[in-house]
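These notes open a run of structures that come right after.
Consider the two complexes below, in which chain A is the common component and chain B and chain C are the respective partners.
For the complex of A and B:
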């Protein structure tokens, strides 16, 4: 691996933040509310704690196999044949994540900005933009993701503006839905928090002490969880519990209500900035996918895989048409994504540790 | 007294004096040459003649290659002078002909009192001739003498028109490399300032001087720069643009990767930051590399203002970047897609202005922007006196008429005019051109996809900036990669005493600037 392509742990922090914050933020409060009512934000916090375990597992795996991506060390842990199979499965999973990002993005855009534009057109412009962005090294991607991070502050302030008109009482009573529901809802919250798994490829490029890498990763999930929590909680105290059920994108509806002297329809501006966040998530995942395809086909550079990956994703993403289709796709892919991104690293780590122990035992006897 | 005996017009005025000297002779073409050789063959000068003939042949008997003979009063031996008549200053060699006492070449040297050198390398005679040297052959043909006799064809030092400042130096570079180096040396009186001459162009032999501070500039950078310049293989390298294009990292980019300037103070300041300056033969343009995006937005004026004002105007300039690329696009997007964004107070106003316009906003904007570009292009070509007339006719008359005719809305005129002004606030011409061209794709994107188009355009543009390098240094530093310490002289300008470290992206050898300007204590 070329040493000039490395990133620092500070860049890793921003890369992961940008991968995590993405398409989910707009509808998250709604999905959580559907199950856990106004306690959705507690589920979110719990999910944040759960993903710490996955993060630890990812970090440990990458520490055991430094400077290697998951596609490099999977065959080493599981053996060549099984490793190859799981590599392929993992790439399919990454493809599906990219596809679901594109589907959800199209869903929002066609609902809020372009009502008539064909799905494929809306999807392909995002896909092609991202393809252009991933045809370079991890370092340049990290620089860009860090550059656009201040935009998150704007999103933060927009949401914060809602505090001019909130009713804290809407959030009470806390914990009324019961711990069981809260915990079961946190799986839904987990799906929105996905994105930290891109560390499986970006950690290979990160230089520096491994503790600072772990710190960067943990801070990322902390920041993202708190940000999401803030957004969710704000919408819960802005709308009354009866209203939220009828607004699938509470954040946008909330912003739609604000108007300034020089600007009406704040939601459109918010959406525009949100698209940057979607783009950055897709950049991370497409990069991840392209790296996988590169390892699979033993390509010289992931650049040559990028256009195919992008276009295939865009083509598949424009299949689901009706609202129900979209829901079904995103739900199924969300579940598989949770298995592959959150649980799979833990499993892989366990196997790796057992394997190492065995090898050690074999070596000592 | 001079010795010119020439059929050439240029020297006819001097030919009256030719008979006064004992051994005058000169030739300009080969026919005369051969005749002359026959005459001279009894004079033991055969070898000199052969040499002269060789030179003449290699110059394809060009008529400005001239030869003169002088008889040394001391030992009656003949001395031959050969030079390119068009590029040498005859005043400088005149003293040679005016000697009637006993002289030898030693005295020549004293009389001429300029670069007078004994040479033995006969292979580079042609090159010396092309560089305004006069070559002197004596009876001793194992060596020859070269005298540097350039003619002064330069204009006076004046302020560069497109980089004028209010306060500060008003000197600008001219078309002479040595004068330009002198202007820089005048500002950096340091033995650490190194000048390195390189040569490009197989036929044009263009001189390139590489200037850098030996204790600051990174050796890797110098090596890379030299490697790139030396690798240029072309018959003709005519303009700095040729060299610029051959050595920059990415040719398929709108953004300039070297800073062209005509201001010696700007060059000196950049040299002190560890950058390298490239000076060219007969070009007032100096290229500075490596640069980052923000260097194009700095001007020497910033440092002569109070720092808060300097910062303010720099922010205005950076803001103008966004206006120049984004304002027409934003307007088009709002008008054609997102009418909802306009606050209610403005809606009626905009509606009344737009209602009767027959064309879509993109068409309106394109027409007006192209008109402005037309006016600009015409104003450059025209003499200054007519130029201002064109600006008035183009700007005022056309602008007023299209609105009155109802072809273009007056809001669009405001937008287009603001954009045009914003593009001109960039202190660098190249960057200003890049910005002006960039707004067209943005306008098209906005007309197709509204805000979405603009944001994707911006993403692509910023990503492009992030992956662009200038001689291996990141182009969008210090924002990407983010270096908070280097922001002090990019987006804003902090007071002088705060600027005590050099920008990190150029990897200078000496990071510390040793600025302790406010060591005195307040009483």
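For the complex of A and C:
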């Protein structure tokens, strides 16, 4: 691998942050509330702890097979045939994640800003931008993702402004829904936190000590969990528990009411910045997918796979039209994504460890 | 090569399009004030004010208020009908104020407000108020100030803003009112407008229970009401109180104060046999802005005034709370406290029946911290 393609562990931190924070943040409080009521933010914290296991698994896997992406080492762990099959399945999963990002993005953009614009146009604009962004090396992608990171502070500030009109009492009583519901809701929270799995490909490019890589990954997950938790909790004390049930994008709705002396409709500004966050998540996942396609077809460069990946995603993403279709797609893909991104690495690690032991055993006898 | 051409084609498509979602200002009429009334046959009448700038040769532009109105079975239907009457497209995205006629407010304001909450373009930060009589009368009235310089929406909105500064009305807009409106454990109050001959007077507050208006309060009461909501401080939270009967010259019996700091402690307790009691304690630091009796030199004199103010304000506060209980409007949120801290008790209760009977009191403590530049 060319040395100018590598990234540092600091860059890894920003890459993962940008992949994790994305399309989910707007509707997350609503989805969590639907099950765990005002305790949704606790579920989120729990989910943050759960994903730490997946992160550990991913890190360990990449440590065992340094400088290799998941598509390179999967055949080594599972054998050529099974490895190929799972590689294909994993690529399909990545396609579906890209598609669901585009679907949800279009869903919100067409509901809040572009009422008339055909959805294919809204989707293809984003897809092509991302395709262009991933035609370069991992280092350049990391630099771009790092460059746009300060924008997250603006999102933070806007949400924080809600504290001028909150009702702290709405968050009480804490824990009224019971531990069982809180834990079962954390699976929904997990879906929103996905994005750390892009480490499966970006870790191959990361230089430096392996502990500092783990640190970067863990800090990412901590930061994102806390940020999401902050957003969720803020909406819970801004909206009445009875009201939040009818507001699917509480974060935007909350901002819609704020006006500064020189600024009105802060929700539109928030959306503009949020689109950047969506773009960065899509960039990471498209890069991941393109890498997979590259390995699968043994291409010389992932660049040649990128446009096809982008256009296929855009075409499929413009299929679902009604709100219910969108819900169904995002729910199904959310579940498969959770299995592939969060559970699969753990499983893969277990198999890898057992294999290594056996090989050692075989070698010693 | 083909790929490059394709990319070029798509970028052209992208760059040259973008004409789907446009709302041009010269093709739309901006509503700045909207009023809602129920007609006798149960339909909703929407009245909208659209200020039009008249070009004048002298340079100072005059504003002419165009008033449109239409009826319909729902708020949206009446808006659509309004749109048909007007030559250009009607836009409510820059709306400043929504006014409800008293009769409409007494029915259910959420039924009308739904369209504001649902429309992504609507202005959620518009103020909201109740008018005496019909909302259409307030919107279409020709007040002194609206004849020349400003539109009716701006005028009403500014009047209410001034009242908010003086704490005679709580500061609310369409969005801030929403969580409280939905809350089973809390109610809200809105500014109450009375149209006079050539000005509008914001002379009190309309008290709500759930989605319906249940009563009103006037001037001085409204200030104490705002203080009881726990509002810290506004530009000029002022009160004039009678503090003695001794003087023959009536003016000498009064003192005016300006509230500098207002600290609220709000306790809700449930006794073991499920009796609910609530108590609001206000700690006020005030400055005397008018006291013709003078001689504020001695400590004792100031203490006397403090005591008199404490007594009379406590009395006022308790009267207000009694009134609110009679109206069954829980504007300070006793129920909300119960939900948060005494959840098992709350679940057993029928709050609408329980609230008027709970033991609910208030006490005010006044401390004078200044008296202007003379003693």
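Everything below uses one rule, namely that the second predicted complex is superposed on the first by the 365 of 365 C-alpha atoms of A that agree within 3 Å, B and C clash if a C-alpha of one lies under 4 Å from a C-alpha of the other, contacts with A are read in each partner's own complex, and residues count from 1 in each chain.
Assume a contact is a pair of C-beta atoms (placed from the backbone, for glycine too) under 8 Å apart; a residue touches a chain by one contact, two chains touch by 3 or more.
Just so you know, these numbers come straight off a predicted model, no measurement behind them.
*Asks:* If we overlay the two complexes on their shared chain A, which of chain B and chain C does A:165 touch? Say first, second, both or neither.
*Replies:* A:165 contacts chain C only, not chain B.
*Asks:* Of the two partner chains, chain B (first) and chain C (second), which one does A:133 touch, if any: first, second, both, or neither?
*Replies:* After superposing on A, A:133 lies in contact with chain B but is clear of chain C.
*Asks:* Pick one for A:111: touches chain B only (first), chain C only (second), both, or neither.
*Replies:* In the superposed model, A:111 contacts chain C only, not chain B.
*Asks:* Touch check for A:144: first (chain B), second (chain C), both, or neither?
*Replies:* So A:144 only meets chain B here.
*Asks:* After the superposition on A, what does A:211 contact: first (chain B), second (chain C), both or neither?
*Replies:* Touch partners of A:211: none, neither chain B nor chain C.
*Asks:* Looking at A:238, would you say it contacts chain B, chain C, both, or neither? Reply first, second, both or neither.
*Replies:* second
*Asks:* Just to be sure I read the superposition right, which of the two partners does A:264 touch: chain B = first, chain C = second, or both, or neither?
*Replies:* The answer is both, since A:264 touches chain B and chain C.
*Asks:* Mind working out whether A:125 is in touch with chain B, chain C, both or neither, as first, second, both or neither?
*Replies:* Once the two structures are laid over each other on A, A:125 reaches both partners.
*Asks:* Once the shared chain is lined up, is A:276 touching chain B (first), chain C (second), both, or neither of them?
*Replies:* It touches chain B, and chain C stays clear.
*Asks:* Overlap of the chain B and chain C footprints on chain A, residue-wise?
*Replies:* Shared contact residues on chain A: 113-114, 125, 259, 264.
*Asks:* Note which residues of chain B are touching chain A in the complex, please.
*Replies:* Listed in rising order, the residues are 337-338, 340-345, 449-456, 459-460, 462-463, 466-467, 474, 476, 479-482.
*Asks:* Within their complex, state which residues of chain C touch chain A.
*Replies:* The contact residues of chain C facing chain A are 3, 6-7, 10-11, 13-14, 17-18, 20-21, 120, 123-125, 173-176, 178-180, 182-184, 333, 336-337, 339-341, 343.
*Asks:* So in the complex, the part of chain A that touches chain C is made up of which residues?
*Replies:* It comes out as residues 111-118, 121, 124-125, 128, 165, 167, 169-170, 172-173, 176, 238-240, 242-243, 256-259, 264, 307.
*Asks:* Okay, in this complex, where on chain A does chain B touch?
*Replies:* For this pair, the touching residues of chain A are 11, 109, 113-114, 122, 125-126, 129, 132-133, 136, 140, 143-144, 146-148, 259-265, 268-269, 271-273, 275-276, 279.
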